[in-house]
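You will see chain A twice below: alongside chain B first, and alongside chain C after that.
Up next is the complex of A and B:
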């Protein structure tokens, strides 16, 4: 038995020239499951909720109130909430899915060798990168929309004093670094959890992986929250102009 | 570039996942968040309305109680007035009846008395007649048996003497 750790997801098969990896396949299944679930959920909504609806209401309503307390305005929250909560919920769901036992035992034979059929969706950098880019781009759009394009550019290229110019450049670097920090935080945590679990399982399969599984569970819940809240904070900060922020 | 290959990043996959994720955001927003937030808002409004209604109901109940109380008090007052009036009327009527009865009794008594008096008189006159008849008859009989001319003369003289005295 050898331990094979690859940073990239394993390719299962190709549709034409389009490579379908195990994470891509699972992300599609999760997308489809959540969409169908949402549609079914919508038509089973009742004014007097059942257990499931209660939980969903608590989750969505509570998150909305939390988002509103961060954003400070209902209008802004209404705009940002669908994106941010979907990020949170999708990542959380994808992470929790990896705790269904026995997944790593299922492997299939492909052109590239024997690969596991399942892999944590968030341990594929592509999807994390996509979500991060959405988060950062939306933040920039919101910033441009709320302070105007000239002042948006002026924030990064400020010629009023050498110090301000330097700080503006630092802001620019900060925006780019945001992409890295946001995406690698999530990806790194989940990937590391996966690797750690695999290594522990490889070293000694009984009991030893359990504490790490608990740690992984904590990560699986905390990281989506961090990702979503950071996005929310970025958007919230982008809606306040410099004057408002310093005043 | 090495990192990008190592991470397995492919432009087409990025695009596909971007589209997928966008669709997911839309579908979840349309079919999960919006209805749930709507239902929460509805329920909040309903609860508020329910509380308001309950308050209004209890207020109106209070009012009704107050009204009932007032009504009872006024009804009691009215009832006592009516009873008093009825008592008064009954007293008046009783007095009237008693007075009338007394009057009638007096009339009847008077009539009876009159009748008795008339009867008494009739009886007395009859008695007188009979007594005088009897006396007359007795006298006649006595006279026819005891009267002589001499005696008659004496009697007449005596009566005349008496008259002269």
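Up next is the complex of A and C:
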């Protein structure tokens, strides 16, 4: 068996001493596409929406209403929604890109051998880790801003009783574990989908990979949703602890 | 036992045993959600997204097992 599965992305070329991997190249392309698309879309908005604008408005409006039902108030939603929806849309777009037929067959000759030019962007752990760190750090900043720095620290180091001290430490562990669980969930699902597809394709190339491709499509849509919603819930939890404590 | 063989057995065990819990949990979540939708079909729009989020959280232990198995195999 010569299945080629690697956790780390393949290096395509170097700029100076900076290695450019296939996931990095594609994430740049996706960034550029989304940014240019957003700018063009912004200037082509009309009062009487066309077909495309209608769909976009429905998608964004529906997501906004859903976010508002989770967050509770409109003010909080206005602050959190841009970040969360951008994350959702970027991951969704990056995942759906892997379903373009034939892209995995494109390979390129490099110093390290023949490597595929395309690789699912989310199956690169570095990118997922960075996005998770953004989400977790934003959550902590929101918590500090709404509770105040002293009470924020006091939540973790509580000396009123041994039990409270222990629970505070457990809270601290829980905050660190958030980084792991949030990032591994997204990365693990997408990477496992890729590996599963590759293995099935290797075992029997006709028809057998089809149901697994459907499963992958479901994962590709559900996982960005879960990532965004969990970020939203974390932010919402960080703001509501304040109200509960003062009430 | 050879190191290589032990690695494969370890990865297989980690994934297989680690998949039991999440499978039961997700089944419970889905059955309860479907029951609720069956009783009150109009609530489908609110129940289904929450079910997906709950399932994703249930799944995380399985994902940990997967990550451990991958680390055993490839790292």
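Here, the second predicted complex is superposed on the first by the 241 of 247 C-alpha atoms of A that agree within 3 Å, B and C clash if a C-alpha of one lies under 4 Å from a C-alpha of the other, contacts with A are read in each partner's own complex, and residues count from 1 in each chain.
Convention: a residue touches a chain if its C-beta (ideal position, glycine included) is under 8 Å from a C-beta of that chain, and two chains touch if they have at least 3 such contacts.
Owing to the predicted nature of the structure, the values given are computational and were not obtained by experimental measurement.
Chemist: Clash or fit: how do chain B and chain C relate after the overlay on chain A?
Modeler: In the arrangement built by aligning on chain A, the partners chain C and chain B fit side by side.
Chemist: Touching A:145, do we find chain B (first), chain C (second), both, or neither?
Modeler: neither
Chemist: In the three-chain superposition, say which chain, chain B or chain C, touches more residues of chain A.
Modeler: Of chain B and chain C, B contacts more residues of chain A.
Chemist: Now for A:7: first (chain B), second (chain C), both, or neither, which partner does it touch?
Modeler: A:7: touches chain B and chain C.
Chemist: Once the structures are superposed on A, label A:169 by its partner contacts, choosing first (chain B), second (chain C), both or neither.
Modeler: In the superposition, A:169 contacts neither chain B nor chain C.
Chemist: With both complexes superposed on chain A, which partner does A:130 reach: first (chain B), second (chain C), both or neither?
Modeler: The answer is first: A:130 touches chain B but not chain C.
Chemist: On the A-aligned overlay, A:181 touches which partner chain: chain B = first, chain C = second, or both, or neither?
Modeler: second
Chemist: How wide is the angle at the Cα centre of chain A, looking out to the Cα centres of chain B and chain C, in steps of 10 degrees?
Modeler: Between the chain B and chain C centres, as viewed from chain A, the angle is 110 degrees.
Chemist: If you stack the two complexes on chain A, which partner ends up touching A:226: first (chain B), second (chain C), both, or neither?
Modeler: A:226: touches chain C, not chain B.
Chemist: Figure out whether A:192 sits in contact with chain B (first) or chain C (second), or with both, or with neither.
Modeler: Once the two structures are laid over each other on A, A:192 reaches chain C alone.
Chemist: What is the contact status of A:66 with respect to chain B (first) and chain C (second): first, second, both, or neither?
Modeler: Second partner only.
Chemist: In the superposed model, how near does chain B get to chain C, counting Cα atoms only, in Å?
Modeler: 6
Chemist: Show me the chain A residues, by the header's touch rule, that chain B contacts in one structure and chain C contacts in the other.
Modeler: Correct list for chain A: 7.
Chemist: How about chain B: which of its residues touch chain A in the complex?
Modeler: For chain B paired with chain A, touching residues are 5-10, 12-14, 16-18, 20-33, 35-37, 39-40, 42-43, 46.
Chemist: Contact residues on chain A for chain B in the complex?
Modeler: Touching chain B: residues 7-9, 18-19, 21, 24, 27-28, 31, 34-35, 38-39, 41-42, 45, 47, 56-57, 60-61, 64, 81-83, 85-86, 89-90, 124-127, 129-131, 133-134 of chain A.
Chemist: Can you list the chain C residues touching chain A in their complex?
Modeler: Checking each residue of chain C against chain A gives 46, 49, 52-53, 56-57, 59-60, 63-64, 66-67, 70, 74-75.
Chemist: Please give the residue numbers of chain A that touch chain C in the complex, ascending.
Modeler: My answer: residues 5-7, 66, 69, 181, 184-185, 187-189, 191-192, 222-223, 225-226, 229-230, 233.
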